[in-house]
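Letters A, B, C, D, E and F mark the chains in the order given here, with residues in each chain numbered from 1 onward.
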């Protein structure tokens, strides 16, 4: 099982357990979290870059993976995502570097699963299907 | 070997290595750490919830596991521990969510090892025996 | 103007400015934040101690003041609040100490404004009135 | 002296002291920091929003002020900056709120110094002149 | 009153209030904190540089002031303390810069109070007297 | 494959991928990071202890491993490295303990791979060869 699939399946299984516990504050927070990234005055691509940069400086590997996945869906180029990585490294410092390495590893996996580095339709659709309606982090 | 056993064995083995190094500041700090959670003006259950919430917002998976285990020993209900989780998520933000998922996973394992979701005596005793006289984090 | 009044007035003025901007995610988050501390499986006193401990280890002076104020309303004794402080210092380390000093300063002001160290009715009512219906942090 | 002027003057005075110490690593880091926000695959506006969001979740008031000032120069609308604020609050949690209040206070001062809420030329030019060629944080 | 005197007086007054509360965990922690920096396998100068670097990356202004003061007592040169600052900025990132500025400001005040940039005996003795037997942070 | 080899190989492979992306800010930052630890007014041993302490309080396991490896090369004794660990635990609090355990585990592996606890030439040379010319974190 690929790192991408494993990550998504774990998230979905645990989110289901959490939802079943039926704590109102948590349910509303998860729902709010999803809405935060919807298009508004800023488009989804910009919001996902913001989510990625924040996740990098706060050094949360799973949050980074999630937003790297979303940036992939939003068709960021290598040049663009590396500029997000650069800002995150400069603001957060060298302590961010190990998380940066894992972010790059995940980005490369997404590209290679999509086939020859391009964002081909099938892989993207599969990726998208796994994420829809899920809290983001 | 279950996640619970593995976690406890690693902690105990490394704590033993650390104690053997005989650094006075560290020994006193580990000892002080244990005393911090003893019953006083606040009872152990309250103190362990405080320890869990702090571990969640500081996002330390091992510390979270430790205090989830202690909260299990203190017989917190699902409703209670989810309110601790809710406060931690709201204060710490969505960056806490991946740690929250792992906390829930560990909580579910503890319940299932204790048999049918109940806090039965044998599992609890086994869990308790593994922890006694150990620094908390 | 006392530190307590100044703190509350600034919070209220800026919260009003924020609400006027009418960003839906922020309004829902502020509302959710308030609900998080309502009595549930855990009582308000326990939840406010959790809020205080988390604010201490995350080292946010304003959040600490807010929850110290709430703990004062919930009539925590000196012994109880110092046990919350102790857990926060041990978990968060000596880096927490300067925030701990300011927390103690604020606690002493609250007690002295309430008259002779007791939680007298008038001061408490004034304090409560300033806070009601306000997001917590 | 306005909060904006005071902030800028202090930064410039201390940066000059730091540069005079002539530590090569620090000089290169300050220079690199400035280059990070130059237009590239991403435009300056996007990069400044990334800088602001990261500063919010890391809760650094001075860094927030700096990037709020830059976002003002880049002519962000209220709606846009509040979406950056919203993402920062959701990711970073309620612990971010006190910093968010101060960010809003600074944003309002910038708007009012620029005259009637509009981004008029004179105020903007003055603001810009104070910042040019300065490390960002 | 100079920033140095004000800082020391506040620390001493609040530490006295804290000690009076007589919480055993806190008293032991403050005592342990003091012992941590005593000469051992590493000398005091090295330990204070470690304390300063940690305080910088954790971004606690009061802790930074305290250790800058101690590094001054230990007669660090400008070149040495700027190398500590450089490591802290690189590891912690640009988010550290505003704290770095305040550290430099405090360092300059200490030097100027000691007279013409040199570590003269009287100022140093005064500084030392204010600190002795105090928890560090 | 030992934990040491695995760690070094992953770092080298991902660093190569990162360098290939050819983002100027990142390349300069990685280069600057390496230069930061070169001998200057402070020697390499002191700088590596600073790097280790900062990595401990910021709780980055990979950064800790890296600097533990460097401290091993610099021939720190057990007593010395445990004093660095002690300062890090006291400043950073009990939340550091799980990272401290993994640091000790890695330190023990380095000693045992070097043969009977001594810093023998062959193991050290092998370790050094793996690290040279690599960004530090």
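Here, contacts are C-beta pairs under 8 Å (C-beta built on N, C-alpha and C of every residue); 3 or more make two chains touch, one makes a residue touch a chain.
Being a predicted model, the structure only gives us computed values, none of them experimental.
Two chain pairs, A-D and A-F, are weighed by contacting C-beta pairs, with A-D ahead.
Comparing C-D with the candidates D-F, C-E or B-E, the pair whose contacts agree for more than half of the residue-numbered pairs is C-E. Averaged C-alpha coordinates put the centre of subunit A at 41 Å from the centre of subunit E. Per-chain Cα centroids separate subunit B from subunit F by 29 Å. Counting partner chains per residue, subunit E has residues 25, 29, 32-33, 36, 54-55, 57-58, 63, 79, 82-83, 86, 89-92, 94-96, 137 touching two or more of them. Taken chain by chain, the contacts link every pair, so each chain touches all the others.
Those residues of subunit E that touch subunit B in the shared complex are 24-25, 28-29, 32, 35-36. If you check the complex, the residues on subunit E that touch subunit F are 32-33, 36-37, 40-42, 46-47, 49-51, 53-58, 63, 77, 79-80, 82-84, 86-88, 90-92, 137.
Of all residues in subunit A, those touching subunit B in their complex are 10-11, 14-15, 17-18, 21, 23, 25-26, 29-30, 33, 54-55, 58, 60-63, 135-137.
For subunit D in complex with subunit C, the residues that touch the partner chain are 59, 78-79, 82-83, 85-86, 89-90, 94-98, 100-102, 104-105, 108.
On the subunit D side of its complex with subunit B, the touching residues are 57, 89-96.
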